[in-house]
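Note that the chains take the letters A, B, C, D and E in the order they are written out, and that residue 1 is the start of every chain.
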Amino acid sequence: MQDRMIARAKELLENGTVDRVMGWKKGEFIYDVTPAVFYTADELEKDFVMNAFTAANVSKYLIAETKKPGRILAFLKPCDSYSFRQLMNEHRVDRDNVYIVGIPSWGKADMEKIRALGITGITDITEKDGDLLVTTVMRETHAVKKYDVYLEKCKNCKSKRIVVYDELLDGENGEDVPNNRFDEVAKIEAMPPDERFAFWRGELSRCIRCNACRNVCPACSCEKCVFDNPKSGVENKAPADDFEENLFHIIRAYHVAGRCTDCGECSRVCPQHIPLHLLNRKFIKDMNELYGDYQAGETEQVRHPVTNYRDDDAEPGIVYTRGGSGR
Amino acid sequence: MQVRNEPWKPLIVAFCCNWCSYAGADLAGTNRLNYPADVKIIRVPCSCRVNPLFILRAFQRGADGVIVCGCHPGDCHYTSGNYYARRRMTLLFSMLDYLGIEKGRTRVEWVSAAEGQKFAETMNSFVETIVSLGENKRLEDLRCKTE
Amino acid sequence: MQRIGVFVCWCGSNIAGTVDVKKVAQTLGREPGVVFSADYQYMCSQSGQDLIKDSIKQYKLTGAVICSCSPRMHENTFRKAAAAAGLNPYMVEIANIREQVSWIHKDMAAGTEKAIILGRAAIAKVHLNAPLIAGESPVTKRALVIGGGIAGIQTALDIADAGFPVDIVEKSPTIGGKMAQLDKTFPTLDCAACILTPKMVEAAQHENVRILAYSEVAEVKGFVGNFTVKIRRKARYVKEDVCTGCGLCTEKCPQKKAPDEFNLGLSNRRAIYIPFAQAVPKVATIDPDYCMMLKTGKCGVCSKVCGVKAIDYTQKDEFIEENYGAIVAATGFEPIGLDKFDEFAYSLSPDVVTSLEYERLMNAAGPTGGTLLRPSDLKHPHTIVFVQCVGSRCDEKSEKGVPYCSKVCCMYTAKHAMLTREKYPDTEVYVFYIDVRTPGKNFDEFYRRAVEQYDVHYIKGMVGKVVPENGKLKVQASDLLENRQLHIDADMVVLAAAIEPDKSARPLATMLTASMDTNDFFTEAHPKLRPVESPTAGVFLAGMCQGPKDIPETVSQASACAAKVIGLLNKDRLVGNPCVAHSDELMCNGCSQCANVCPYGAITYADKEFRMPDRTTAVRRVAQVNPAVCQGCGACTVTCPSGAMDLFGFSNNQIMAEVDAICK
Amino acid sequence: MEQQNMREEILFTANADPKKCMKCGKCSGACPNYDKMEYHPHQFVSMVQEGNVEPLLESESLYLCLTCMVCVERCPRNVQPARFIEAVRLAKIRQQGENRLKPQDVPELIDEDTPQQLLVSAFRKYTK
Amino acid sequence: MEFLYYPGCTLKNKAKDLDLYARKSAEALGVTLTEVPEWQCCGGVYPLGRDEIATKLSSVRTLMAARDAGCDLVTVCAACHNVVKQINHDMACDEYVRTRVNNYLAPDVPYDGSVNVLHLLEVLRDRVGFDAIREKVVSPLTGRKLGAYYGCLLLRPSSVLAFDDPENPTVIEDLLKALGAEPVYYAERNECCGGYAGIADPEVPEKRAAAVLSNAKARGAEALVTACPLCYYNLKKHAAGTGVGVVYFTELLAGALGVK
């Protein structure tokens, strides 16, 4: 696929449709992949990469890129397209300044999980019949089941559908995928409150406030974040105490509620492996249950459940009374 | 950590919308309906002015309970403010519950300007709930305590 | 750093009785930024205000905290005092230590402690206050009166006389309301029609009054001075501007079985009708539920006989949109339904009637031509029993009646009893009462005349059962003073049904964002000091829709209401509330979330050029608030993820400072 | 003092609030057995409220209430007068030797068609 | 349609007709009535005093039997209906009564008033439906002018019984219409017949019955239709010479359905 993408990008550069390309760039190691902008065919040939580790959601970069002169080519995976669509709804990206080629995504791998299988010194990974062939410096080749090493966000993929594009690389669009992404939330909901508290204290107290989750999140794209703003009253740039989430993570999840497309980047980038997506999914699950199913970024709908209402909405007390064990 | 000498008294912050609930609180006063002094009211124009940040901030600074009062649904002075507040608070309360914070530390009540009695009763019952839950330890950021 | 003055009011002993005001003043005087503190007996008095003014000048105060009664009471008083001393009025904050402290807490120590905390919160807020200057908005010099009864007519006439155009929207085909159905009025016994119809005609002929009868308010947008109202003009199937009101169609229409609303169903009318002879506008209306032409397409008699070709079977409801500066609700009342009170046999016997039906039976223009005949056999009744308080003064949880006193029943029943005895001296009249309530000029004298001159039997007690049998109504009742049960064979029973607000009031209140009490009466802005205004600016109240009242009270309220409307319309510009939202363009993402929740459409977006750190410029979409349209609810501030949107007077920082001060 | 205790006991048994009464007299206007009774439904309410229960305890009226509940049904203020009559009656018949109906009296009070319902209810109402 | 059926003592003795025709009609209408095993007398009148606990126990036992059977409980006798329904309401709404009764009976599962108590008339109206009954009528009561007599026990207190409009009930009238008769509406139909005072003062029922009968007759009723054995007894006793008959609603129903 990498070659087809490079070929198509070169065509589009050449015929003047775009003047630069948003993609992923090779690093020192095969799994060391970063989003990057390419200006020439040479650069593309040299550094453009598409492999099992190009998981990064590039939609957020387009906020700044589409404000620049000229037109940029963006390759969007299904989950990236939801984020991009949501940013369009929020008037954050200029659709005219981007040419979107939708690319399929059959799931991205988590390096940590591969390492956990005891495989180190990886030099190459190729796909074969749904499995991954991992080659190491020792010239060994390991066959790994894709599913076993999927990123969390890919394991619980909600959709293979690209919701906004100018063309599709494969000419065909994917479909929504049945998933169990709320199971884990339900599991926590079912815990007794003390256990829930202990669970979250355990998870969140590891936070080192590196801000990776915030910086990667397409919804966290404020001109100035309240946590960086001395006037907001909640400015705080370092972990406040053991139970860091006292403010930061709850507020962050709340600020993106209704806008979060569940792209899963926050958990992917967290160096402390805090399952941050479970906070966002809790809001999504609640909104679905209380206000009807809603998927941010799926349509042009600009009013999401938090900026909408019905006069017969449930009262807040429902939180304390609705069913479920452990409640 | 500060050693407390006094017996614990609950600290309760009540956000009241200016048009209905604050007036309801006034009426409770006019009718001399008692409720505990632990309740401290902050006046906001509408329940939709209550940012979840304020509630988290209150807890962080040691509040034991936070109650948000607004006009009855359908009677908002601004037509729809309390409807937004209702969704926001529902989601916030649900999240706090999810994090294992004790149920009942937060509440929303609709109190009209005519419901002085209801205001007093609501505050009495809320204080009772908070007393039964005891001190808010889970959300309090101890470093924020001065003195 | 602000220079803050703290002023602690005793409110006589109201506050000083349970709060150690000296201690409050001293403690708050030591707060950072406080340069002066004092306590005084009545801070709202002239000398109290002078103390505030003098201190502002003497200590060069930049902010003031008044620890006193509720801000809903005297915030304006103190703001004005501050302004008079040259301090921006929005640099004043109130700590409510009366309604929230002294009046509800009995313990001096706890009360004092709470008062200090509330004072601290106010000080913390003032530290972050900034001077605010109110914006201005223009006033549409036209009023809308909803309801064309005596309340609406009087309000409209008074406003029109002051030179402002007024529209009356009335849901029925004619104005006149309930008063048009009445026979005589207490306590003077002058004929209702004789005093009402000249006013109806005056309204019709007044150059500043436009009557939109057979119409309903469909939608209200905007705010004080600038309302936009959509009005549904229901199809009459008769061209209002063509019909001459000759009435020929109403004589020729073959459908004679439509119940006559004006006579409360005691008689029938045609499918095309003019409600009554003095109707305004005097135009025929087709009742689509009964018109054969509209129902089956066969008939067309009215169209054939109409000389001016006014009939139009194809008419549809139309909508018109108008701008108004002020809106008056005058939606009136209805008697409650009596189907839950069948112990009085209302459904079993036509001779059991409501008082309003009795008005029609007494009325010269009524179904019996003014001769009192009972409906069942059109015979003259010789014994009439009046029952007071049917459905009034019920238990609050009652599903049958209302908890309030309907106020007018005692007087109209005395009137009915007296008129009956005067016209028909051979009639025995009994009135069963719980209390006779006659507060009003010449009211008790009137009631006494019924008893003393007209020999009406007033019996303290209640009717427990009415049994129609053999042409009589067997009334079983208690006589509490004689401690006996009475059994009266009556010919008619008249029930003083409780009154309740008109059903149209509730949806209207929602459209107007005006509040209502649990009984669906409109709430006044202040029960004593602002009785004709609703809490929603620019919306005023007249007549029964605000609470039970008689005609003189209704008319006085209508004129008072008109005075308030005139006062508003006289202004060229309205000074707005400066506590409005504003967006910090540097932080705004332009994401439109705030506009999605704004109930007033006060937020728009503009592309603005910003200089970037790398010296390039970028164009970004940012939110802008129209301060004349914004009402300051703050919904946008919470929706804004970046905190760019904030509210003057209730900013994020101010509220957070209050939280911190309370949670210290 | 004893009257006061008796009043409290009656109020407890009645489980109703006489202060809600607005003294309209509708209960007594509706009562189907008013003429037989010395004290009437509204008087039960007011006399219990005032603690004047002695005359009620000694009155035949206690046994003449038909328990038809019409006073309860038609009271605009939900005072439930019948509950006060019942409560006073219970206060009386619960006293020693105050049973109103003796089994040996029964045969002469009934005929062959008298339904069981009348007998069991009479025992329930008149005896302890 | 299956219900647990509580006949009560009078229906097993002096009011056998009321019971017999109720069963026959029910069967004809496809309603199965299973008698409560080992039922006890309800006591004939609802004990109004809040601290009357012992007198409420027998009804609670009946109610618990219905709960355990998972069935709605049907009564036919107006008195039983009144007593059992009110006690059920106490068990649901009055903490004081509920606690004490449960303490006394100490059942495995405490009772909380969860059973639905229905009068057969309610079953006919709300479950079977008058239209369905009309279809099953084989000998309609055409031309008969009949007055419903509700008395007090079916209707009051309406806040608890919620049987029909207490001042303007229609269920029996509607049933009569379905059976082909012409109902006569008269005001005394929801007034007391005085029956309970029969022991204390026989003059009372005599006077009350006369008032009811005269009002019904004046309105043209040939007979009165009742659901209460005591009303039946009392009205019948004093109807002699008035020309007005008295009949149980079940007997009329059975007759019209052709199962009498």
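Criterion: a contact is a pair of C-beta atoms (placed from the backbone, for glycine too) under 8 Å apart; a residue touches a chain by one contact, two chains touch by 3 or more.
Remember, it's a predicted structure, so these values are computed and weren't measured experimentally.
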Can you list every chain that touches chain A and also touches chain E?
C
Report which of A-B and C-D is connected by more C-beta pairs in contact.
A-B
Compare the CA centroid of chain A with every other chain's and tell me the farthest one.
D
Round to the nearest whole Å and give the separation of the Cα centres of chain B and chain C.
31
Between chain C and chain E, what's the gap in Å when you average each chain's C-alpha atoms?
48
Centre-to-centre distance between chain E and chain B (centres being mean Cα positions), rounded to whole Å:
52
Where chain D touches two or more other chains, by residue:
70
So which stretches of chain E touch two or more other chains?
167, 191
In chain B, the residues touching two or more other chains are 52-53, 57, 74, 80, 84, 88
Among all the chains shown, which pairs meet the touch rule set out at the top?
A-B, A-C, B-C, C-D, C-E, D-E
Looking at the complex, which residues from chain A come into contact with chain B?
185, 188-189, 193-201, 226, 233-234, 240-241, 243, 245-247, 250-251, 253-254, 257, 279, 282-283, 286-287, 290-291, 305-311, 313-320, 327
Touching residues of chain C toward chain D in the complex: what are they?
343, 389, 393-395, 397-398, 400-401, 432, 434, 460-465, 476-480, 483, 485
Using the touch definition from the top, list the residues of chain A that touch chain C in their complex.
67, 89-92, 219, 221-226, 229, 231-233, 255-256, 259, 302-303, 306-308
As the complex stands, chain D meets chain E at residues 12-15, 32-33, 36, 63-64, 66-70, 72-73, 80, 82-83, 86-87, 90, 101, 109, 113-122, 124-126
Within their complex, chain B touches chain A through residues 52-53, 56-57, 60, 73-74, 80, 83-84, 86-104, 106-108, 138-139, 141-143
